[in-house]
Structures are given as structure tokens and as C-alpha cells.
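Shared between the two complexes below is chain A, which has chain B as its partner in the first and chain C in the second.
Right after this comes the complex of A and B.
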């Protein structure tokens, strides 16, 4: 039987580590191009929005102890819940496209000196099919495994990078036009979907008092890490940052340690890549979970195969059109992400209110019947 | 319809007829029968297995005292004269057959339907010695032997608690190997011992020559690369594991005892860690973890760097390597496979060869194969160094060598084919696989995934005794506290 139970800690780690890992590939470069030295701001803004969404959904979970699917089924009927979750499933698959494409580019750029064939990316799909079919419990545990890997590799990279930074490059603060920053914030919405993840996790772990705050804090921490990486990246490269792809692989290049012992920082990048892999696959795991909710059948390997089949087709179709994928995601997927981020908590609270009112009416009717 | 031999023998009190029936079942010539009578005319017959039953004790404790039995003595008189401390009465001839085959002696008395099973087995075995695979500088040096009774004695010597339960089972339809299930009532999680027992009894295999068979039999995934049972050769480790809430399994004929549930972190801990300072133990455990990672990944990293990402190698080292590999007729991956193959063959041969030949073989292997192959330009020096270092690294955690050596090969294949990305994906795949695996309800990666903070005190880091007052939470022991002290 495939398990979907999580613990509060696992949820928090997913929010912090996996939430941050997939944003460390090309986003800093995109942000540097979009809003110059204010590149650290959009991750913070997006994280603030997501943290609020996470908190709102987590609070609903703590009040009802039910998954959102159960809550929607109870309040809005099951077909409506199925429709919402089917859309959610599709959204998660689409959300995996950008990080997967970035990962493919990163593989070509960071893992190889030569230009490798598209097939070197094939192992990703084997892994993704397998991991996607393992359920949320496995996602939680792998996130816990990623935690030390993420901390060690990030600490290593940041400590190497910090000595070569010129933080004056980040001044004056907010020099970029507000419109550019707002556009970058909106364009990055499809990358920050912690609030939507929370809709999947809610009700799958036992709540204790203060858990919503802890998970929200973890989400915020992840955002701060991304923001810090962006800031360090710009502090190193300045205006050249927009030509430097894959910030994590470029952060420590000028460190004297690297000059002395070779590209040791790449080992940390490879370690970090394991966390990035899990953060991409988390979309598939969430999509599979939604499919399971909709169908009620534990056909996880089949669902995972379907999701990955779609991703594989995208890889083949858009192999050389990464810019197109990126633009489409920023224009359309961000809208969907924003819609889900705001709509899901709103729907959840509405469902909660409906359920509460229904229970109140039920109790009154029962009391009246008892009185008669 | 003809009556079965066992039933006929059961009904028949005539000594000759009974012996004849027994001989019909136990036809092997090493099953000996000895008929004798007391000076007063009472006749007896002993049936025993040559080579396993202690004949001297048989004479001292059975034959000599029975000389005092009178001809018309009642059955109780014979029983009271038997000086053997382990006597069982039975009427079922199948019990006699089983006991004789297990090394006990069966005593038949004329005119009496019941017979006596005398526990006088003395199987050939070695003395208690220091186990070769778990040598300790500090701490007890006793190791398990092949004799289950000796092993149980070593356990009982250390745990003198009435709560220690030893359940004797039998496994193997032909070997009838004795298996002892040891656990502490109230410390071991409810249901674990029962599940292990059920697994052992439900498997119908003909022969159980070693505990590794039981390990496979009780595993949910016997084909997995990763084991589901811990193993140890030292009674002190075994007892410590039982006291933490595990079930211990001792198999007759095997010096290696098993413990379940099992967590991978256990293999990075050695008995000595608990007898030295916690700081040193933490350093050593970290070293072991790093060594295993290096042992498994170094050859793969080397060929990935050489084939796909030369930037990974420092410039000065790169020049050295370039100098070494120029003129080598093989690709880096083939060269590494070849070197690894030589190391594995040397390792296998040196283990199997007689001691003195083995030493010569090491010299031949190191000098002729290594040095000459490098000088001849067949393999490069870095490949030899990396393979040798990797082999040494893996042996820092000997219990995991079977798994890590296979993983090294797998990583090498992936690195040769796809490079570093393959290595990263394979690592993620393994993490994902291991995160979902369990041993009797305990996750294999516990206490890291799921994270159990209190158990990290005895994970890779090792806290002092006063910090580890509670049993590992991952094992779910009902008796949580193991150490009460006022000291902080």
C-alpha cells in the first residue's frame, strides 16, 4: 500500500529545502536580467505571498484535520472536488516543465565539458517514474534526506562565495523600476507554489498547536535562502550576472580555494542537484496524489508513467526552445499559479464555512428532532 | 492395511522388536544401538548417533547407574536412577528418531512403553574465541561459535534477567536446524518477535546451513541489494541490541547471530564505539561514513571527470594524470573496470588460498600485476591508486561490503555511460528507494529519514552514556528508559 502520511517536520522541510532547491538553477540569472541589483526582492515577495497561502491552508488543515479533497467533497460535492483536483494535477505536471527544462540545461552546462546527447537526460525520467509513484510519505522522507545535503552544499558554496563578493553592487537598494520588479515577481509565481503544495499536504499529517506557524516559517526560510543566493550572485558578478547561467555553479568560481584545488565547488553542486531532482519530482508526486484522489485507485506507477510521458514529450518537442518554454511559463503558468495560490485557500475557507454551517444546521435539526 | 512402523513400535514393549522398528526408520550405519542388562536381569537398549553423542557421559550418567535396577523394578525406579540432567519421557517413536538425529540418546527399557530421551549431545565444535571480523582493541573479546548452546550461554552470561525470552524453533525440513529467538519481554516492541517467528516457521526449506539463510527467509524483499537483518559475531553487541528492543536470532551451526529490526546506521557503529570516548567514537563513525562514500564513489567520480568534466580535476593533478594515462590502450572506464577486476580477483584468491600461499599471492598481485602492468603501460598509476584506495575504504564498514562493492560497480557503469549526472540520479534513486524500505516496521534510513532527533545521539555522532538515557525511539520499545541516573 502506498502511504501518504507526513509529519509536520517533513512538511516543513519540503517547504524549506525542496521549495528553495528548484529555484536555484536559472531564476537568479533571469531575475538579474529582469530587475538588476534588486534581484533579491522578487523571491522575497513571492515567498511572502506563498507563506501567507501556506499559513491559510495549514490553518484550515489544523481546524478540520481533513485533506482539502475531503473538505471540498463534503462541502461542494465530490464531482466538484474531483474537478479541482484534476486541474491541480494538470497544474503540477505543467509546473514541472520549467524546472525540468532548467535541469536539462544545467546538466548540459554544468555536468559536461562537451555537448552531450539529449539521451544523457534520460535517467531523470527513470528516476522520476519511480519516485513519482512512491507517495507522499516517501516524498517527506527523501526531503529529510535532502536536508543535510542541502545545508552542507549550500554552506560550502556560500562560504566560498562570500569572500569574493562586493556588496556595494547591491546598492542603491531598489534602484530598478518598480514595474520591472513587479513583473519579475509575477513572472516568478510559477516557481513559488508552496501554497499549492500545502493544499496537497494538508490533512495528511497530524496537527499540533503551532504547526501552521512552523510550516509557514520554514517556507519563509526557503525564500530567504533563495534571496540570499541571488544577492550573493549579484554581489559577485554585478551587471555580468545576467550572462552567468546557473548561479550555484558560478558562485564559488573565484574563490582562492577553487583556484588551489580545482572545481571542488562542483561536487557541492552535484550534491545539491540531488535535492533539485527531488524538488522537481515533488511536482510529479503531487500530481500523482491528486490523480489518486480523483480516481480513488492506487495506480501510482501508471499515473507517474503518464505524467512523465507528458514531460518526456515536452522534452523532445522543446529540446532547443527553452526560451519559449520560459516565456510561456512566465506569461501563462504564472497566472495559473497565482490563481491556485489565491483560490485554493479561499475555496478551502469557504468549504470550511459551508461545512461548519452544515454541521450547525445538522445539530439544530437533530436538537429539534430530539425536542419533538 | 499395514500398520506404520512408528505405531507398531509404540504399541510394542518388547525391546528387540522396538529396536528392529527403530532400525527400519534409522537405517544409517552411524546410528548405533547398545543393548545391556543390569546384574538383576533388567534389559535396556540405547540408540544414539556416533560422533555427536557423548559416550563417556552416557557410560557415567546412564549405563553405570542403571546397573542397580532390579528385574521387577517399576518404571519410576529407572527414571530416578538416571543421572543425566536432561531427561525427557515419551511414547512417540518420532520423538526418539528426531532426538537421536539431533545427537541425543534414546533409552528403551524392557517391558516399558515409555522411553527416555537423554540430552547428552556433544557435537564437535571450537572454543569461544575472538571473532575474526569484529576484532576489538578495547572491550570484550569473546565471539559466538557454531554451537547454539554455547552461544545462548554467552548471552545468558550477560543478561541475567527473567524477562529474557529464548524461544527455540526449528528450521529446515531436512536439517531441523535449531534456531533460538531471543528478546526481552517488555523491551521488544509487541508483535516483532511473533512476526519473526512466523516468518521462520512459514518457510519450508530443506537445509539451513547458516544464519544468512534465515536472514533471507525473514526478509520481505530477499532479492534486495540491501539486507533487512543486522548481523554480529560478538555476544556483547548482540546483548546490547536485544536490550535496545530488537529480536536476536541465533542459528545452530553459525557463529553469526542476526538482529531485527535493522537500520543501516547500525553498520557504521562498532562495539568499540561504546567503550571509548564519545568524541573519538563520533570522529571514527564520521570517518567510516566518509570512507564508504569515497570507496563507492571515487572510481565513478574519477572516470566521470576524465570522460566528461575535466574541470573537476585540479590543474596540476590533471597534468600528472595526463602524463600517466597517455599511451594507455583502454578508455578510462574500461581501464577502471579492468583494475577493479584484478583487485576483486586478488581479494577473492587471497581469502580462499592457504595463508602462506595467500601472502605470496599478495606480493605477486601487488608487484607483478600492479607495478608491471603500470610499467608496461596497460593500466595507469591513478587507476591503480584509486581502485586500491576504494577497496580499502569499503572495508572500514565490513558488514556492508557486499552491498557497497556492488554499488561501486553500478556507479562505475553509470558514470562510464552517462557521467556525473548519472551518478547524481543513481544516488537520488537509492535515497528514494531506501527511504521507502523497512525492516519489521522500522525504516532502514532511521533515524535520518524519518528524522528522529533523539536517536541522532547514537546515529553517526555518538553522545555520552548520560545523554542516551532512553532506548532508540525508532525501535518503538514499550520500555523507553534504559538508564536512570541523578547525574546530569
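Right after this comes the complex of A and C.
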């Protein structure tokens, strides 16, 4: 029996830790390239949008106690719910492509001297197939395991980095053209999909009063961490940030401690990489959950194998074309991400209204029948 | 006997295997390197030659433990159109795969003044393994010769230069320690100016030029290549030991060499860059020379736009007399108080240094204090009206405060 139950704490940790971890690789460099010293702003804007979406979906979950699939099935019929979840499943698989490729590149760049064969990346897929077949309960547990790893490694890296920052480099504030900032915000939508995750988690844990606010606050915290990392990164490198890839691995290199002892910061990068790994696998777990909802069968290992097979094919196909993959994601996947981010809460509230009206009509009809 | 659950056991084995494989991938245990084929570049000297660029790399070659020696140092020169070509040439000549991860020093020879240094350093800005952390300096004569020379202090020249440019040395204010990152950031700023330490090997160029006074070297033009600079020291360190002196700074505007500052100007620049912890200053009061130890130093330049652009150069420190010429007595020295006239003379000397430095920077057309950048970052709306040359039109105000530490 595959379990999909989560607790509020696990959901909040997923929103904060796993939501932030996968954004710390190449996004800061892309943002520096897109909007210069205002690179800290798009993560905040995207997080604000996602936090609103998380709150809207979580509130629906707290009101109904049902998953969105159940709500959609009840209000829009099951085929419609299946179609939405099939699209969601595809979206999650596609959303894993960019962070997965980034992680592959980061590991090669940071830990390897020469670029190894693509087959060396195979263990990732073994791991992903295994973890992807474990259900949402496993995602919650791993997120809880990642929380201390994330906190310790980020504190370590940021404390080493902050001493070597020149915050004047962030001035003048908001000097970049608004169009560039807006474009960067939109281009980053495919990385900020907490609202879409929430659509999967909603109804899979017992709500208490104030849970929606807590989960939303966790989501906002994750975004603030990403924004802070971006700001520190630019305060270290200035305009050179455009050519410095994998921010987390570059943050602490100027610290006197690193100069004296050696690349001590790489230990923290290793640890952080574990959190990034689970944040990528979360996409697979979410996709597998959506497939399970659509088919109604607990064939999780098979679903996980399918998802990872697709990702492996993409990896083989676009092994040396990461720039192309990134551009495609920023142009097209961001549209899908924006559509899901805005449409899912709207659909959820509509479904809730329809269900409520249906219940009202049902009660009235029952009352009328009782009266007769 | 308890029956073994095959399903559970196989799941455990599967999990253990993938964790092991993932660990191997993420820690690069697939990428074991044969140390016999590896050479670690600890420092690189770049010279501009007729054919393009010459790179002399000091290689630390790790030795197998059975040889009884941990590291052997070699100097190898490679040439090519670019730095990358030159490094590849080193690989062709030696068979070593050169690693730049541990490159802590990049030395530019005098001949680099003929080219834009950003073009020369482009490889290091692009290369992801150097991390922009190496110290960078320019030297009199050939960088290749300096890298290959045997220093008077230290086993290798890169080690000796690294020590000269260390953070500890920078705290004295004598050395303008600069990393590759600083060069990139400053050159890309609105000021477009950067500076780096200028090293002279004593017994080398300075001596050969007849011990040219520092002011003679602030000529603002391209330094001449020393004729003996290239031949005085063999590539394999055949010549005698050199004493390396590094109390000057080479200035660049937009990556183009602008001139070399005198030791006094370099000290003033370091003091205003707020890099120094404690420094020594000489004062002359009533025919006695006092050596002041300056501690808790704080300096900086600030741009103000009231009544036109003004650059305020400020410096403050606690002063303590560490030595003096002439007779002294325990009664006179015992209180440890630095008296007013000595402090005033110290302040006047520092003001004079700062004013002269600013004049020199204007003369060399090199905004090394970053005044244009201050204008852009602090007064963005007025940047277009004053422009990048604001530092040339600004009035200078010096404010120096020395207080007795006793």
C-alpha cells in the first residue's frame, strides 16, 4: 500500500526547503544576465504569486478536506479531473528537466575536473525511480530529513559569503528596465511551482485552523532565502555574476577561511546537493501521484519508471544543448507554469462553489421530499 | 527459524546499491586521477611575445609517496595566440594535464602593458576552475623570469610573491593586494579603472635602471622592457636569488596600462581603500624623526554633490610612537602619549599624500578611487550630467584625524 498522507509540517517544509533548493543552481546567474543588480527582485515577485496560489489552494483544502482530484471529479465529472491531472503529470515531468540538467552540470562542473561520460549520471535515475515510486508520504519524510541539511549548509555558506560582499554593487536599486525585470519574473515561473505542488498536496493532510497561513508563510520564507542568495551572489561578483555559474558553489570561495583551509565550503555544497536531489525527485513523486489519480491503480514503480524513462531520453537527446532546454523552458514551460498557477486555484474555487451549490440544491430537494 | 523476507531484502539491497552509486557520482569517485600524470599550476606568469602570448607556469608535480618527496616544482613555458593556447602548449611539451584549481597567482610581465589586460585575462575569467580567486600583480621585466627565479625568501617565487601579497601584508598598507575578481569588477564599473601591485625584483630591473626613484617611474607611459630582464634570469632559475619588492601599484584604465604609482601614493591609495589594519608613518618635528604606528585605521573616499562635485578623502587612526631619533628617556616616553605637534605633523603628511595621490590619478586619467562609480551608485539621476570624468572635475577635501592611543 503506497501512502500519500502528509502532515502540515511536512507540507510546509516541502514548500520552504524543496521549493527553494532547486532554484539555487543556475537561476541566480540567469537572473543576473536578465536584470543585472535587480536579480533579487524576480524571486520575490514569483514567490509572492506562488504564495498567493498556495494560500488559495490550501484554503480550499481546509474547507472541503478533499483532494483537488476528488473535488474536480465531484464538480466537473471524472473525465475532466482525469484530463487536468494527466496534464499536471506531464507538466511535473517537464518541470524536472531543467533542474535535473542543472544538477548534472553542477556536479560535473564543481566536483569533476573533466566532463565525464553521460552514463556516469545513471545513478541519479536509479535513485529517482526508487524514490519516485514511494508516494507523497515519502516526499514529506525526505523533506523533513532535508530541513536540517538545508539549514546547516545554507547558514555555513552564507556566513562565509557575507564577509566578502560589497553591497554597494546592488546599487542603484531597481535601475534595470522594468521590461527586463518582468521578463525575468515570467522566465522564472517554471522554477516557482509551489502553487501547483499545493494542488497535489491539498486534501492529503488533516487541516487545522491557520494551516493555510503557515504553509503560505513557509513558501514565502523559501522565496526570501532564494532572493537573499541572489543578492549575496551579486554583492560578491558584481557584473561578473553573469559569467559565474552555480551560485551556491561560488558563494564562499573568497572567504579567508576557504583560502586558509581549502574548499571547506564544498562539504556544505555536497550536503545542499542532497536537498536539491530530493527537490528534483519531488517532481517525479508529484507526477506519479497524478498518474495514480488518473488511473486509480497503485502501479507507482511503473509510473516512476515511465517518468524517469522520459527524463533519461531527454537527457540523452539534449545532453549538450542545455542552453536550448533552458530557453525552451523559459519561453514555453513558464507559460504552462503560469497557466497552472493561476488556473488551478480558480478551478478549485469554482469546483468548490459548484459543489456547494450542488449540496445546497441536494439539501433543498431532500427537504422538499421530506416535506411531501 | 525466522523466514527471510526476500521482497524486503531485495528492496534494501536495491536502496543500498543506489545510495552507493549516487554517493560515487556526487563525490566524483569515478574521477580518480593518476597523480603521476597531473601537474598543479601554483602560479602563472604572462608575457606578451611577438607570436602572441607566453605563459610560464610554475607546476607543483605531486610525487608518489615511495619517491620520498611530496612535491616537485617545475617551471614550463608555453606559447600561443591566447593564454589557452599557451597552456595547451605546456600540455603538449610536458604531457601533464595542467590543473588551475590551485593557481593562486597570476603575474603580468611589463610587456603586457602593450595589450589590454582584460583580453589577456579573459581565459581566467571564463575558466570555471580558477574561481577568480588568484592574486594578480604586474612585475618589472619578464613575468616568466620572475616566476622562474629563485627568491631570497621562500622556496619558490610564487610562494614568496603570495606571501608578499597576503592579507597580512596588505594590512600594513604597503601592498595593494588585488584578486582577479577585483580587476574584473573594477574594470566593468563606471570608473573603468583598476590597480594591482607592481613587483620589482631587486638585483633585477630596478637596479638595472639605476635604482630609478619612484617618482621617475610614475611616468604614465608604457614601461620599457628591460633588456636584461629577459636574460638576467634563466627560465630554470639559473641566476642568483632575487629580493622581491612590492610597494607600488600599477594602474589601468579600461584594461589599458596607465602608469605606476610611487610607494607613497600606493600607501595613500591603500589607506583610502580601507584595506589596512596598522601602518607605519614617519613624522619630522623639531629635527626629530618619529615613527608612528597607526592602528584602528579607517579610510575612504566619498563623493558629495552639494555645490558641485567634491571628493572627501577621510582617514582616521590611533597613533603610537614606536621609535624616534635623538635622545630619549623613560620619563619622557613613559606616559605613551603622542603629543599634539607630532600628531599634527602626521596628519599634514597624510593630507599631503592624499592630495598628491589624487593629483597623480587625475594626471594619469585613472579613477582608481572609483569616484564615477560612486556617482553612478549614489546619485544615479545625476550621473548623465556629470559623466564618467567626474573625478577630474571634482574638488578634493582631505580630512585626517590621528589620535594618541596612549
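Keep in mind that, in the parts below, the second predicted complex is superposed on the first by the 372 of 372 C-alpha atoms of A that agree within 3 Å, B and C clash if a C-alpha of one lies under 4 Å from a C-alpha of the other, contacts with A are read in each partner's own complex, and residues count from 1 in each chain.
The working rule: a residue touches a chain if its C-beta (ideal position, glycine included) is under 8 Å from a C-beta of that chain, and two chains touch if they have at least 3 such contacts.
Nothing here was measured: the structure is a model prediction, and the numbers come from that model.
*Asks:* Once the structures are superposed on A, label A:253 by its partner contacts, choosing first (chain B), second (chain C), both or neither.
*Replies:* Second partner only, chain C.
*Asks:* With both complexes superposed on chain A, which partner does A:217 reach: first (chain B), second (chain C), both or neither?
*Replies:* After superposing on A, A:217 lies clear of both chain B and chain C.
*Asks:* Quick one: is A:116 in contact with chain B, with chain C, with both, or with neither? Answer first, second, both or neither.
*Replies:* Touch partners of A:116: chain B and chain C.
*Asks:* Is A:328 touching anything from chain B or chain C once the two structures are fitted on A? First, second, both or neither.
*Replies:* neither
*Asks:* Quick one: is A:278 in contact with chain B, with chain C, with both, or with neither? Answer first, second, both or neither.
*Replies:* first
*Asks:* After lining up the shared chain so the two structures overlap, which partner does A:228 touch, if you call chain B first and chain C second: first, second, both or neither?
*Replies:* neither
*Asks:* Once the structures are superposed on A, label A:339 by its partner contacts, choosing first (chain B), second (chain C), both or neither.
*Replies:* After superposition on chain A, A:339 lies in contact with neither partner.
*Asks:* Just checking: does A:239 make contact with chain B only, chain C only, both, or neither of them? Give me first, second, both or neither.
*Replies:* second
*Asks:* I'd like to know which partner A:270 touches here: chain B for first, chain C for second, both or neither.
*Replies:* both
*Asks:* Under the contact definition given at the top, report the residues of chain A touching chain B in one complex and chain C in the other.
*Replies:* 107, 111-114, 116, 120-121, 123-124, 126-127, 130, 270, 273, 277.
*Asks:* List the residues on chain C that touch chain A in their complex, please.
*Replies:* Listed in rising order, the residues of chain C that touch chain A are 14-15, 17-19, 21-22, 24-28, 30-31, 33, 99, 101, 125-126, 128-129, 131-133, 167, 179, 181, 184-185, 188-189, 376-378, 380.
*Asks:* List the residues on chain A that touch chain B in their complex, please.
*Replies:* These residues of chain A touch chain B: 7, 9-10, 13, 107, 111-114, 116, 120-121, 123-124, 126-127, 130-131, 134, 137-138, 140-142, 144-148, 260-263, 266-267, 270, 273-274, 277-278.
*Asks:* Give every residue of chain A touching chain C within the complex, in rising order.
*Replies:* Residues 107, 109, 111-114, 116, 120-124, 126-127, 130, 166, 168-169, 171-172, 175, 236-240, 243-245, 250, 253-254, 256, 259, 270, 273, 277 of chain A touch chain C in their complex.
*Asks:* Please give the residue numbers of chain B that touch chain A in the complex, ascending.
*Replies:* So the residues of chain B in touch with chain A come to 308-315, 317-318, 414, 418-429, 431-433, 435-436, 443, 445, 448-451.
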